[in-house]
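Below you'll find a set of structures to go through.
In the two complexes below, subunit A is the common chain; its partner is subunit B in one and subunit C in the other.
Up next, the complex of A and B:
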């Protein structure tokens, strides 16, 4: 009965959240209500995708990220503010707490305004560095808009980002050019695997401060591909933070603006890019869900995984060493409106670890079948010749995808005393077995002789 | 040097009339010097760089050498100071880029020094020559300049160990691990086993044969059976049955099947044995043994 309610509840939840995988309550923090006009197209897009927008000023008394200790919003969009601080409701600690409880933040910076201290400390906390001086922006003398920034070269026109590297899915691909006006460049810390660049500056770009008196750049903040215009962080709990170097990317003025690059007239595709970035940040894309994990001893019969939640996993609790095991797992990816079968990027694999403290087997899983909204990955292997408590573990952490860490514990036991091969099956033992039975036969013959032998004539005479 | 200076100033004068618009950035009088440590000024190899083409052969930078690039940046034909003047190295395999800012004076004269210390470790470990380009650009409408000017071959002293930092953690598919099983216990070749097993089994006929030559016989069987038929039959039968129980225990029975059967057979052997052995004693006392 319980599973029926659970599945009913799930179905209901699915119907309510036809939008982001984690919810549709979006808080937009905007200082000047008049600025709202600039973002109407972006806000309209968000609303049409099912988000419920609440626009608040950081100065508002009622503004709070939490209510009764729980998140009051699922997502947060922080637009640049004129004032230096963001007020008591949006301190760096509260923003981090918001992420700790799995809230997602889309943070837009602007070189026109000083970055608020709360945002600065938040970025410092996650190892994203931005120029410390107000007004520093990214220029590129090679890829600029000749129409709006003919002299200042601070409106960059860039193609959509290529994939980060092979084996990483690209959620930000598209057609056309993105206009990045007056961006604040970011440099990502090298140590953290949680950080990933979304849009890199071209190799000839650099960050400088126009207020600087010098008419040559001497010590640029960062140069070329090390400079990011849009960067992302996904925490261990899969909360997402995206830093947009330029809030103007989201503004109506650049959504489909005519621009010129190298003498060629183009129309900016910012609307598409803004949608891609917000979809990823607000967990409409790149969300993985693991269904059932099924393992069973391989007895020559392949069982089909039934993905219905009604049937429990029913996995065995114990395996013998050196026995064949089949393993299957169901993985879905949430894509905008529904769960789809997950397909790893080229060169990437979902991996199974069979581990006791450290993995004894780490195997690439192959897709073996597909349901309407999940891929079933499977592998078969032999349990190692080591007894103990083992885990079937799927630890799948990849850039831009929510983290998956699932495990099922099993006991791996020794051979039982009657599972070893019998002694006659071991050819080396034949000599010993022969010895035993020769002894037995000799003993029986000896008993018979002792009982019934008549003394020999000759020997009797001798003793007499 | 004076000559060069006067040359540029004359260029400056000559270029003064050109209109700024639609001009493009470039450089001239570029010299590249690689100088070993301790060598005198001007002792190193000198190369002239051409903005239109790259040097045909690569420039080698040793561990103790320092590379010096001198050039004059020009806008159109006129020497001018740009906002951006970089020497950019690009790793041909990874695409990693590192830019070095040229220190350009008001007159457009720029210079940059480069030693192994300035290079990131990725460049020091690469085996391929690293393309080096010059980037010159500035605000306004002048076309920026970027072109590969030479290949830098970074020679490293193999005897000096390099502190390569641990690569940072990145989430990606890890290497597969296949458990290496301990090897199964092995038996010697079957032919050897068979020869020795045959030897062991042959010991039985040998034993019986030796007993026969010593005069062993079962001639008293009829007499024994005549005197105490039940006890003799039961005693010998129970000895055989005990061996049978051992055989069954070896092949299929467990201890709980074996023990009751063995105790029954043992009791029978004890009771019938005492009678049978009394009969044997009688024969001995009768002098028949």
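Up next, the complex of A and C:
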């Protein structure tokens, strides 16, 4: 038994050391091994973060995303290839299947190479549009690197992205400038709530194909803030796809390069940005985990949620209508190496729904306390005046955070016969209580008189 | 002893019936003579009632009147103030109504005028039924008002 425990402990330790929340097997698809030299710093960073890299060529016979029907890798890094096709192992369908089984994809595009058809159809499938002609790139005449792109203005120097909007956490913040050389701009479809831009082009940027001989760009693919240089998709199953407009962001050459913007010398912070993007894509950040969900009737004593997994939730199965209920839930966020207490962004709340078909209550949860690696959120409320089968439901779906949908089903019953207030506790009923007892008293008096009157009548009859 | 008691008791009842018919005749005649004076009629009816009704039936009628008053009070209170604990109103009101029904049936069964129809039911039996039914009614009402 002891060795079994020891091996279990070792396995657990191994799981803890794996840096991503979902696993460390990373497949890098790279056509030419010589290209590998360009990415050594990035690969080194990934390996130091605990990923196990497998570099394969799309032409390789042994390349397969699945093995025995299950994912063979947890994450996929697709680097641009010269050839037009990616081969039978990396069709758009297989890539989607990979995401369906919760694999994450970091996809790097390049304007130097034509985008493979598999990647094109994959992007079409998720409603991300890229320019159809080879060589189209994003140009900005105001935010370019004067050192390396003095004439072409196709190396953009941008600050780190601000948050998407208030109430959304920013996982890509940092200090410095990001160099985005020769990027393929993307336009995100309006209809998909799963898409979120990571790095937007500045308002002065536009997409343009230098091969067009025309002096004026008449119908650019997209301009300004419409263009995304880095965009992301998080599927319903929380599988992540990040599209990097420029693979060169990840290359050694731009990781800490001297650049000049508006006459000012700066050093690019691409290494930091590449780390941030890959951390998010490979589920090292922005992963939520719901621990225990505890609810109990409010009897004046607040119970403390015990987050130990050894103790079961032990939630009651049944509640009464119009009774006070306390609810507590434990939420953790995975941050690089360990679970930390989750703190929603300013203006955002984790909400509890008490629902039967539709929510009867939707309440903001307030953080009650914190453990070493989780926040305990709680709220107390009154069950509605409606009996039936209800759910305590946490449905928390926010950009850049994995989706949370947790339910606990309970029965809500109506008042039991002996749970109504007694008649004398309701002052309005006193008159009718009086009515009953006056009737009863009158009846007793009547019965007494009747019994008493009988001999009198008998004697009366006798005398007659 | 019982046969002796029964003998005399049957005799006055037989004698009382012709007496009743004889008294009803002048009542009719008095009605025809002074039909204009309503007060007179009422007084006549009241006098007749007082004179001819057996004491037990009078007692029954008094109790019935009392029940009507109590029921009316409860009903008007409900109309004016509202029926908030509705079960309480139902219990209180139906106690009086139920008691009225039970008492009325006791009156029917024990009224000497209905003797022919209720030959098989003795007064003691009717009263026992009444007591049993009333107790049951009170139990239900108290239970219902909670």
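The working rule: the second predicted complex is superposed on the first by the 435 of 464 C-alpha atoms of A that agree within 3 Å, B and C clash if a C-alpha of one lies under 4 Å from a C-alpha of the other, contacts with A are read in each partner's own complex, and residues count from 1 in each chain.
Heads up, the rule we're going with is that contacts are C-beta pairs under 8 Å (C-beta built on N, C-alpha and C of every residue); 3 or more make two chains touch, one makes a residue touch a chain.
Nothing here was measured: the structure is a model prediction, and the numbers come from that model.
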item	value
Subunit B versus subunit C as contact partner of A:428, first or second or both or neither	both
Which superposed partner A:420 touches (first subunit B, second subunit C, both, neither)	second
Which superposed partner A:398 touches (first subunit B, second subunit C, both, neither)	first
Touch count on subunit A, higher of subunit B and subunit C	B
Which superposed partner A:312 touches (first subunit B, second subunit C, both, neither)	neither
Touched partner set for A:449, first subunit B, second subunit C, both or neither	both
First (subunit B), second (subunit C), both or neither touched by A:440	both
Subunit B and subunit C footprints on subunit A, overlapping residues	426, 428-429, 431, 433-435, 438, 440, 442-443, 447, 449-450, 453-454, 456-457
Residues of subunit A touching subunit C in the complex	420, 422-423, 426, 428-429, 431-436, 438-440, 442-443, 446-447, 449-450, 453-454, 456-457, 460-462, 464
In the complex, subunit C residues that touch subunit A	8-9, 12, 15-16, 54-56, 59, 63, 66-67, 70, 73-74, 77, 81-82, 84-85, 88-89, 91-93, 95-96, 99, 103, 127, 131, 134, 138, 141-142, 145-146
Parts of subunit B lying in touch with subunit A, wherever the complex brings them together	81-86, 88, 90, 95-97, 99, 101, 103-104, 135, 137-141, 144, 146, 168-179, 181-182, 187-188, 190, 193-194, 196-197, 200-201, 203-204, 207-208, 211, 214-221, 224, 232, 235-236, 239-240, 243, 246, 276, 280, 288-289
Subunit B-touching residues of subunit A, taken from the complex the two chains share	139, 141-142, 150-153, 167-168, 190-193, 203-204, 206, 208, 215-220, 223-226, 322, 347-349, 351, 353, 359-364, 382, 384-385, 397-399, 426-431, 433-435, 438, 440-445, 447-459
